[in-house]
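Pasting the structures here.
First chain A sits with chain B, and in the next complex the same chain sits with chain C.
And then the complex of A and B:
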């Protein structure tokens, strides 16, 4: 179980029921499409170590239930998430219409700084499309979200979505916009970066800034 | 010896019937294909010494193979005996349920003997009867009420499919919960109910029935209760029964909402194999909701040693995806050791006390209501 990584990010996958959240996660972790996908009741988990901009990052992904009836419980999973994939189904306007509500939940319950990427899933079902790319990208722009259309079936843009979100978080850490040491940031130092920090502190001792994961 | 015959010295051939018998009794199955042949006639014959050596090696091979197959046959026989034993005990149980218990349900159902038999698992053929007797009909739901609810559901589906999703908003009187009852979501629900059994899917034998029940139920939805209070009550018994594991969970911020919802909401039908889930439902019908939480503690106890060695993500993944070959007997033995009593208070008492607390705390903030 000994893994080394520089950072651990807590990620959420949120959005209405049946938009393919679990399939996106499955595709990202297993590189396969999940055929007879069950409901997610509550939450399921995935984790993967990725390489982003020279850093190794462990993504701890919380794949939440989309159904309204679980909303009151799934809200408790948001706490301390650093990033989120906000998923809708391009063939269902209803799932698109509820995006604003999901986004409000993410920003109020996780953190106002949470990095969110909007994913228009089921890109492979283009003939049945109910939401245009243009419309969704306008929504993304207005709400300061990144945006990709994805297909959990073919795998198109799935990896990109997760990596893009992770990269943005890393950039924000570098620029100082995000502070990993703040409580509930959803970011933890991994073994690798702890070692590095320890080395740095022996070179130039700064006793006040000893990070605790 | 057989191989000598095959080698071309047909000494008085045995009758075919005898031959078959002989094969069945003495000749291990796979070694009937193992035949020692002399060299083809167009090649020089083996020296006697070599032929002797080969014969010896051959015989050793046959002996080994026979030994293996004998062992395998014994294993199979044992397995068969075990199965016969199980089948016989199921058969006996069926008789007991049908002839003794069911006709005297009112007087017998809470007796020690019946409770014990119940714990062993109800035979599938009487399961339906026992469940419906045990569940009863406290809500006094009549066929008429069911039909009314179903008619209302159908009405609602129709208005959704014609009115279109454009106009549906809070003003039109559709809450989020109403939307949940919409045809689309029930369809989604059904398509994901035991997808690999194929009995509830479109075209499957129980598709329409499940569809109707779900529709009618959403129009007759009683209060589901305060889920969060259940978690709090669960934690009381968790700490009482498994203090070490409880501390480990606390340290890792692993809260019951992470794994318990998935188990409880589906009555374990999603997290356990169906036959094992059915046995849980057997006792759930006997003991009520308390047993669902007792089962949860039984599962945690069964895997306590593994879990205490894991970190957050591994525990979370393990608990939301339990091993597929979870052994029924071991699980039930583990559940049996769980005490549903905390400082002389039973589950229902603990729950009621917590519910009272939370109601007082939440006056004016109904958001936690499920």
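And then the complex of A and C:
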């Protein structure tokens, strides 16, 4: 049976290698921690339909390879993304330091309006922490990002990260700040909204457009 | 063991015992799969991959030379601080001015040793979790393979392969006989990138991957057949692809549904014969 949804959003998961991008996706989709995760080669996909503010939204998630050697190919996956999870590892300053470069890529290659949530992953490894919450939230504020610390292992804040990003996009659609009709917005209407639009047009007082049996 | 299988093994042994290996004959045999028995596969792969020359007489000396080279790499690269002294019979050393295990200096040989060991441990972990069910990957290793460790080397090989295969994947796209739906905009680089760069090793179980590689390595123009295998994979799920939407199709392509590799190889062979 075909799923019905109001909107489809294209999401990216980006960030340095080994920060747990694929594990976040796996936790979000399967509700489990992915043991023995391999390096992602190129890109992997996942999707899930979620309920946000009374609307059903299908998230089509592109989980990209973090390794530098794949950078040229991963960039080709960015086009037309509506939202992104920008992931670093709280136990690795190196992954935090490269955030600015990832962000530039996302804003130039996907869209300047892309809604980005910063995720400090591996929250469960607090004793090995190299990046403080305060420092990262300051970075997020300066760059107009939302921010959460997550754990793909325990699942803490994983769902919240995706939902928060989706909710912000929906709000921007409502406020007119984002136009789903614009090419490359990363947003598509789903069957449910199309049906609604169709219903509205059939119910409109234009008998000429309604063929009678 | 079936008599057919026995006679296949005999066919391989016949070809391999000649003083000069008939490469065409070996390729032809290997294309249909190499038997696992008696180290046949590793010998055939060495010849197919040009690691060993066709002249049998030189094999012993070449292998000895390669092993010596490897041992030499290990002696040069694996630093074991303190070993030299221990060999000279000095059991305790005065570390006041010399290098010692707690030396924080980045130039310290001990420091390098510990860093190397971290890499080795990571490699060991990666290898073990690669295929936990296969005993080969659970065996302890004494040393790393240095060629794998050398980042420059690995990168260069990968870069070249990616460059070539991306170009080739464009050919796949052109010859795809309308398998994928233009509207959905499923580009070959979304799935074929991994198929091509890893020679399909993430798409099937290891024994099946090895069977596919028998055919790939037997290809005289190195990996042309790979493209046909990828085409065959697409054609075999054509009907499903035409029905599915983007999400369903991407799942199909990154989690390939057919596990019978013989069926895939057969289809690829048909494509090759019809060229």
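Couple of notes before you dig in:
As a working rule, the second predicted complex is superposed on the first by the 200 of 213 C-alpha atoms of A that agree within 3 Å, B and C clash if a C-alpha of one lies under 4 Å from a C-alpha of the other, contacts with A are read in each partner's own complex, and residues count from 1 in each chain.
FYI, contacts are C-beta pairs under 8 Å (C-beta built on N, C-alpha and C of every residue); 3 or more make two chains touch, one makes a residue touch a chain.
Bear in mind that the values here come from a model prediction, so they are computed numbers and not experimental data.
When both complexes are superposed on chain A, chain B and chain C end up clashing with one another. In the superposition on chain A, contact is made by A:17 with chain B only, not with chain C. Touch criterion not met for A:34: it reaches neither chain B nor chain C.
In the superposed model, A:172 lies in contact with neither chain B nor chain C. Touch criterion met: A:45 reaches chain B and chain C at once. In the superposition on chain A, contact of A:129 is made with neither chain B nor chain C. Once the two complexes are overlaid on the shared chain, A:60 sits against chain B and chain C alike. Of the two partner chains placed by the overlay, chain B and chain C both lie in contact with A:69. Looking at the shared chain after the overlay, A:93 reaches chain B, while chain C stays out of its contact range.
None of the stretches 4-12, 112-120 or 346-354 of chain B clash with chain C in the superposition except 112-120.
Of the residues of chain A, those at positions 36, 38, 41-45, 47, 60, 69, 73, 76-77 touch chain B in one of the two structures and chain C in the other.
For chain A in complex with chain C, the residues that touch the partner chain are 36, 38, 41-45, 47, 58, 60, 69, 73, 76-77. Residues of chain B that touch chain A in their complex: 165, 176-177, 179-180, 184-185, 188-189, 192, 195-196, 227-228, 255, 257-262, 265-266, 270, 310-314, 316-317, 320-321, 367-370. Against chain A, the residues of chain C that register as touching in their complex are 129, 132, 155, 158-159, 162, 166, 187, 189-190, 193-194, 197-198, 202, 246-247, 250-251, 254. Within the complex, the chain A residues that touch chain B are 1, 17-18, 36-39, 41-47, 60, 67-73, 76-77, 93-94, 97.
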